[in-house]
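The following block contains the structure, expressed as structure tokens.
Naming follows writing order (A, B, C and D), and every chain is counted from residue 1.
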Amino acid sequence: MLNYSESEMMAIAAGRLIKDGDIVFAGTGVSILAATVAKRIYAPRAVVFFETGGIDPSLDEIPMTVADLRVMSGTALNSGLIEAFSTIAHRKLRTVAFLGAAQIDRYGNLNTTCIGDYHKPQKRFSGSGGGNDVASLASGVISFMQHEKRRFVEKLDYLTSVGWYRGGGSRRELGLKRGGALAVVTNLALLRFHDQTKEMYLAEYFPGVSPEQVRENTGFELDVSGAKEAVPPTAEELAILREEVDPQGLICQPPQ
Amino acid sequence: MLNYSESEMMAIAAGRLIKDGDIVFAGTGVSILAATVAKRIYAPRAVVFFETGGIDPSLDEIPMTVADLRVMSGTALNSGLIEAFSTIAHRKLRTVAFLGAAQIDRYGNLNTTCIGDYHKPQKRFSGSGGGNDVASLASGVISFMQHEKRRFVEKLDYLTSVGWYRGGGSRRELGLKRGGALAVVTNLALLRFHDQTKEMYLAEYFPGVSPEQVRENTGFELDVSGAKEAVPPTAEELAILREEVDPQGLICQPPQ
Amino acid sequence: MKSCSEIADRLMSLDQAVDQFIFDGCQLALGGFTVTRNPMAIVYAIIRKGVKDLHLVAHSNGQALDILVGAGCVKRLEIAYGGNGRYAPTCIRFGRAVEEGAIEFEDYSNYQMALRFLAGSLSIPFIPTKTGLGSDLMERDGFSPEVRREEKVASRKYARIDNPFSGEKDEVALLPALNPDVALVHAQYVGEDGTVRIKGLTFADLEQAKAADKVIVTCEEIVPRSFIRQDPDQNSLASFFVDAYVKVPYGAHPTACFNFYDYDPKHLNLYRGAAEDDSRFKDYLEQWVFGVNSHEAYLEKVGTEMLLKIKASPGVGYAPGLDRR
Amino acid sequence: MKSCSEIADRLMSLDQAVDQFIFDGCQLALGGFTVTRNPMAIVYAIIRKGVKDLHLVAHSNGQALDILVGAGCVKRLEIAYGGNGRYAPTCIRFGRAVEEGAIEFEDYSNYQMALRFLAGSLSIPFIPTKTGLGSDLMERDGFSPEVRREEKVASRKYARIDNPFSGEKDEVALLPALNPDVALVHAQYVGEDGTVRIKGLTFADLEQAKAADKVIVTCEEIVPRSFIRQDPDQNSLASFFVDAYVKVPYGAHPTACFNFYDYDPKHLNLYRGAAEDDSRFKDYLEQWVFGVNSHEAYLEKVGTEMLLKIKASPGVGYAPGLDRR
């Protein structure tokens, strides 16, 4: 079996979820790796773009923020926030977004704002940024999370970005006509949402991880009944990730 | 006395109304001559721009429509309709627009849509274009008219562009926070609007025209009590108009 | 990355694009403004195919709109302005169709139409404005209540609300968004990667394209990926918005295309003369639309002499000294 | 036409621009995004002058926002995101100020803030959107009712209406427009005619500038009229929107400026380290803001070696191979 790190497994597991032709809203960190791996292996016609307005950059180097000069270099088109978010919302495009968060609930709603009281929080985070927008408007969201009980919670301290809201048809009733949480990729597992209830369930546990371990690190009841083990990264996936996508190791260090 | 044509007098009389630093929304025909004369003589810091999005073109040749390539050549900036009309509406700019019309009423409201019934008109014209927009949003409008009774009417067949609406404070009550009709330039005279009532009055009759003649060609009661004769075009004004602004004589033919 | 032509499967002929995307009754937005960058080549193909009952949504589209109306392709029209500047202060076939009651029509202003496309491009159902308050644009409906019930027709011309953020009375008009079935754009450049670049003024072309369900881009040149990506700040429309590409040099003739060619004054005057008389107009269509079976044949008919006369000078983007009377 | 410098009366020093346009309590929009094209040089001048009680209106402004908050210049904040990417996932002084209750704040999203600036730039009082429905952005107010009564603060965070053009229930959020007192923009080029050209992504800079009462543009280069007018399609902002111009090469340091220089990773890390500790942060301000009395002195302190390291390569617009850890 190949040797690989947690974040490499995460980038590759998420990258496999991208379909050819998808318009991929990437953030920084693991999400940019996932998007780039996807484009180079599974979805050559996917287009990577950023909320700041850069469409399909060459990404010869990894950007460190979504406003990095590297997201405006070699692009098809440079524009701005209005153009980027209206693209995310565009009904003729299948737009898929990667998001990270401090907390997630069973319906895939996200908190990137604060822990504790909103007005005087114990810990303040960056805030929505474009997270709320893509969660509201994109065709679907894939979230990256560290799998810890304090992050997978019964109730968010602040609901920054709407996933399936209160489950069932509640998202559509809000007036959000499409989209919702597609999947959650953690350092332990890949989680998905039940078709009808929109509750999170364990779809795949990563090699070396048990379903029980995933449950123990989840702060709400989790259906693990249909889970199977994920396919580990292939040699090709790892080679592309390490040699082409992030040769400087800025995001993922391969295991020592 | 110098020899000049009606349209030359009109272009120059209108050009004199432009203040230095004004942002001038020009159409085609006489209005582009007026704007250009103004800029070259009275208002060197005025900026001429077009509803199509061209700002401050070099105007080495006279454009024949507001989408003429000559309004996008040598400009400061090329944009589009949204940018142009939001510039017209911008509260920090004094934006002055030239408009023509088929009919005008005593409050400076304009009809560029039709004669007769709207649904089955006797004569259909081009429609609002940007006329309604600049009349609604600019700091002021200067209209060009042929001075005829059938054009200066008690009631417009169709109110395309709002001037002082029903007079007095009625324009402001509509929700139009600024602007209104500044002046009307015809082949006979320069007309303005009373401060309080916003009714049209004769300000200046052109050399060779009598106040009585203006009244006779106006379809509503016109106050001519304070009228004086207009200053005829100067040699400098005519020279610039003929030699620099429209040397090909595309808009104004000098008198034979 | 594919080295060349990521647009191969969307690159087609005029007739293919019309067959695939333009249908009887479809709501159509035309690019360009009066006598500039009208998508004439594909409009001729639409007329040749005999498409019927078009619903045009237009700000100041001139030549393309008038010939579509004149050729009997149009049933319904939302419009701000039908004119060709000095070549036809009111577009003649448009004016006549309204006077004869031959088409359903409704008047807006240019900014209103542009804002309606902007709203469509932003995926919002309406957009507020102050423009138009008090005018007959707001007081008089063009469409009948029956028409209002049809798909793609707004259920009302405007709505009005008081600004909910203001303490005092502050009325605002709400304009319904437009999402046409198809938008036609004529651009100077398309990259092999499908990126579109329009030079000069863009009018409302980009809002129209982003608001539409399907977009057909005709262009003067298809250029290498390396060219179009050298300065992406200049590009206008990403590949994923476009459904069909057609290369048609001089595809806007007799209207103008910045940096490529000026409008053709002789042809515009010829058209005006023809438009004034039903039988002459029929002859015009026979000669210039039905009688030429391809864009190449059309250009042959225009002739090299005129194509060279209207050729734009690189320094200024138009044809200096062109006899424009 | 004046041959040279139509901007002479608006061309000034950083201090003159701050003295003339920035006042205690003013509502300020910062250009740029996280670590790119932040108007740092003028922000340092604002801090040096000791401006107080600023009301920042921000989407994802990073470095400039954080140092203004840290220096105690900010009373009130409308914000979507306070972070510097990998250099500070949450801006440290911003986070602390919120945790300590030292500033009034209210959260929106990036698209919401950009749309609010767009509405301001279009002179419309609000703009509809679907983004944010159901989230705590819409459910939780940041500002107190007292603050809501102040000028330039929206009377409510959102309003909601049912789409009047839809037959069925279709809720839409209305966002209040923003019209800040002052917008700061750092651009690559200003022409002698006052035309502004931004290269690379424009973020929401243009909407912010057009929405503001006053606009200060700092720039890398002032270029001849002939240069800026050679391709007007590339230009960003007309001269009549701008109230002051300041030439400050490297004026966005330590943030990046496309085609000119990359962000300075060493300085961003230095800043992060300082921001984590009150006393170290005070030292940082002493050294880098109060202790340098001009932009030139600041650049001397950064040093030629670093300025050359971050210099952008013309082919790509950034500094390839720069050690960015």
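What we mean here is this: a contact is a pair of C-beta atoms (placed from the backbone, for glycine too) under 8 Å apart; a residue touches a chain by one contact, two chains touch by 3 or more.
Keep in mind that what you see is a predicted model, and the values were worked out from it rather than measured.
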Interchain contact steps from subunit A to subunit C (minimum; 1 if touching): 1
Inter-chain centre distance, subunit B versus subunit C - centres from mean C-alpha coordinates, in Å: 28
Geometric centre distance via CA averages, subunit D-subunit C, whole Å: 37
Centre-of-Cα separation between subunit D and subunit B, whole angstrom: 40
Chain centre separation in whole Å, for subunit B relative to subunit A (CA means): 57
Residues of subunit D engaged with two or more neighbouring chains: 123, 130, 170, 172, 200, 233
Multi-partner residues of subunit B (at least 2 other chains): 72, 74, 78, 82, 89, 137
Arrangement of touching chains [line / ring / star / complete / other]: other
Each pair of chains that touches, named by its two labels: A-C, A-D, B-C, B-D, C-D
Subunit A residues within the subunit C interface of the complex: 23, 44-45, 47, 55-56, 72, 74-78, 82, 86-87, 89-93, 137
For the subunit C and subunit D complex, residues of the former touching the latter: 123-130, 154-156, 159, 161, 163-167, 170, 172, 174, 176-177, 199-200, 231, 233-234
List of subunit A residues in touch with subunit D within their complex: 28-29, 51-54, 60-61, 63-74, 78-82, 85, 89, 113-114, 118-133, 135-137, 158-162, 165, 171, 174-177, 248, 250
Parts of subunit C lying in touch with subunit A, wherever the complex brings them together: 1-2, 6, 121-123, 191, 193-195, 210, 213, 228-229, 232-233, 235-241
List of subunit C residues in touch with subunit B within their complex: 32-37, 59-60, 62, 79-87, 89-91, 94-96, 98-99, 101, 107-112, 114-115, 118, 130-137, 139-140, 142, 170-172, 200-207, 256, 258, 262-263, 312, 316-318, 320, 324-325
